[in-house]
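Have a look at this one.
Naming follows writing order (A, B, C and D), and every chain is counted from residue 1.
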């Protein structure tokens, strides 16, 4: 299905990351993946020792997991979507190797107003926190796409897929306030880009709302075992698995279809319950 | 993907039918299909000569197309969803051959209030016309599923997919009134069954809204070339193709995932436009 | 707000009926109401003794409640929306008195597949039960509107409002299957008529989804005290009250606005919760 | 309806502003309004001469229109939602006069990526432009509410209403990209606050999507006469009027109801068309 096609996979932290399952599914279908993750780059200014240590550790885990799970020859890159220079640098590196991109998975989100599974009330969120969450979790879909296009790296008829969550539509039962606004923005960006890029270059842009998932770093930061069980019980089929998501994303990335602007659920039917 | 799995494909009229593309995609992925279509059965009472001729001709076209497009060995059955005895008879025949079913495509719709691309105003539709359209286009999803289950023919974790249209949500620019209500009912049935059957048997039920399509008998009856062009222009990627739909349905029928209760679009992005 | 305007109020069973609150709000704003309810009519054929007794009792309660709550001079009529002759007869009576109608509240629903707060699985519902529920709960919006228009009783720029329930969109936590499909159909009819009648006569058609409500006959038949408490707890403001609904319907009936095709919630925010 | 109640009305630029119609409707129903608008404040740093002139002119128009349309005694305040000190100062002034607030209309939006009815493609929007639009058009709902609550100015059971646009859901036919994302965020904030504030203080938060409207400053900046005519033709009842909107907002502000978290349309039915 993906023979001769290359996809960027963002958002791999470790082997449990949802993005890892997507990358593996692409490889299984003969595609090529280029993975991006956290790490210290020359564009980080004034990093604290703690931040530096965190990034170094993250990078080690990211690259180690990719090698082990996806193969030694899979390219990895440091990418920090909050640093325009980092996106630029990533694109230049792709260009130097004459890479052409047929799509990517946007699986990046961050919200510092959730800590230890406790969320700040929305009325206590300040504009910096609001913007930081927006930049990482929503605007990055614009900035990454824009840079790839600017550098002529994104092929016509490419396919882009982002990950959202039911919280973009409904108030969740678990801590989730500020980030729900960024997810709503991400979905709106998905749809506007589906129109803008669809007409220009036949590029598709879609989005998937996945079940609560404790396996990933994001899940661990916000969910308890009880939360996940509660969601599982409420879903007619129980919570969906990362592999279910991988099938869906692979289907959306499949070259040549005319599916775009979709906000879909892979959630065992959770969202149909009132 | 479908090795050892068997799917019923309803709604094949000729080689241009959407259901034909789905059947072919299943075969391509090593699955088996059983096709149902129109024809004279012993359960039809008091058929007029004209009706009999129509059914005979339909059956010839249906079976001929299946043999030619899908292979000589593909089973075909007469199925009239408005006759409980016909559904019963179909199930008995499956049972006699020890068939077990892993899902089906519901691609059946009819609305006699649209004639020659002209639609009756809703206020002129009488209750018989309303019920007839409901029975064929919506209730048949219940009746067919119920009979298959009653006869123990439907495997656990089976997957059911039905075809709807954007008119279930929005007022269309082309003639479409009474049938839009049946489509809304069909979508609601899809979701209620996703819950009911999901919890009981792990069975999935999903629905796809496809682009305007002139190729099918239904399309010819309701759409003009201009309608289809208009929809194509409005869609960021142009109208989706039957093959796009086939990929989607095959994805939804895929054994083992936890995707259910979805109402999805395969429409080139038509539905995102305001 | 309603000076010189006349509205038909269907669905009054007793003083706790939601329709009663709407009627009272219209009177409070200087409008006139004409109430319809159950009763034995000459169009009922072959009524069993039990059915006759039920209808007689219902009629007594209906007319008694109207007199007591709304005033001695408020007109009451027997209307059975499943009998075309009954709708016809009602229209003729309006005509004889030279009534002109500025809108109506459709508050009629029935589903015999819910008994003693237990609901039939959808797969066990037969086509008769499906159609009966559709006829009373959804198609009646078409048939009543059509007859009123046919007889020239419905003024241009009239406003029609129907009552739906969140179950038209989401699977409820309490017994509710077959009727959810009729509610989905009712909402679709609302929207199609908003287009059809809006363009022709400036007539508005809207719909409100109200909180679970135990006070009405329909509520008593399907809900327990625990159900209503559960919904109340889940709603940010608790369950909405019948008076909240009355304000909303009165607002939608208000002469001269351009609000149409709306499916709205008066539910304390219940529907925003995931 | 609003006797003894006080509402803040933001977003009045001149007598054609939508907010002006809402203010007038509140006065008509015996409520009190406090109006905020643009103007030079001591919190503006490094204003260019051009900016200063613009603000001075805006303030003159704002206060003049309020006096003329709403009465000499209606309070006006300068409020710039991008300056926390300005919001703070406004609250202090309210406090000094012992004002208590029963709700407000949020009618503030700005997007510099639309100029002379031409819009920047989303891929050309930079993060500053994205954030500026977000701050004014979406985050300000949080910051204004938070400050009012912090100062103890917002009564329990108050009602807040914001103005959105169909573009939060659908791609518009007229120039509108970046701002659609802010509108989606605004709607999400509305819903999250409906939950957060509803449970805490019984405060309601709702949102209305209004028709295209050329009369306001925002309309003039983005719409042509043809755009408005096109929307009017597509809407079953034609475009809604500012007075239609005023009725809706007044209804949502009405003390004591349990309607919250709603995203409603006052648009002549525009949104129901496919």
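By definition in this document, a contact is a pair of C-beta atoms (placed from the backbone, for glycine too) under 8 Å apart; a residue touches a chain by one contact, two chains touch by 3 or more.
Computed from a predicted model, the values in this text were never measured in an experiment.
Enquirer: So what angle, to the nearest 5 degrees, turns chain C so that its CA atoms land on those of chain D?
Expert: 180
Enquirer: Where among A-D, C-D or B-D does the A-C interface show up again, with more than half of the contact pairs the same?
Expert: B-D
Enquirer: Using Cα averages as centroids, what's the distance between chain A and chain B in whole Å?
Expert: The computed centroid separation for chain A versus chain B comes out at 35 Å.
Enquirer: Please compute the C-alpha centroid of chain B, do the same for chain C, then give the distance between them in whole Å.
Expert: 33
Enquirer: Using mean CA coordinates as chain centres, what's the chain B-chain D distance in Å?
Expert: That gives a centre separation of 47 Å.
Enquirer: What positions in chain B touch 2 or more of the other chains?
Expert: Only 171, 191, 195, 271-273 qualify.
Enquirer: Where on chain B does chain D make contact in their complex?
Expert: Per the touch definition, chain B meets chain D at residues 166-167, 169-173, 271-274.
Enquirer: Note which residues of chain B are touching chain C in the complex, please.
Expert: Residues of chain B touching chain C: 121-125, 127, 130-131, 134-135, 138-139, 142-143, 145-146, 149, 168, 171, 177, 180-181, 183-185, 187-189, 191-193, 195-197.
Enquirer: Can you tell me which positions in chain B touch chain A when the two form their complex?
Expert: Chain B reaches chain A through residues 191, 194-195, 198-199, 202, 204, 211, 235-241, 244, 247-248, 251, 254, 257-262, 264-269, 271-273.
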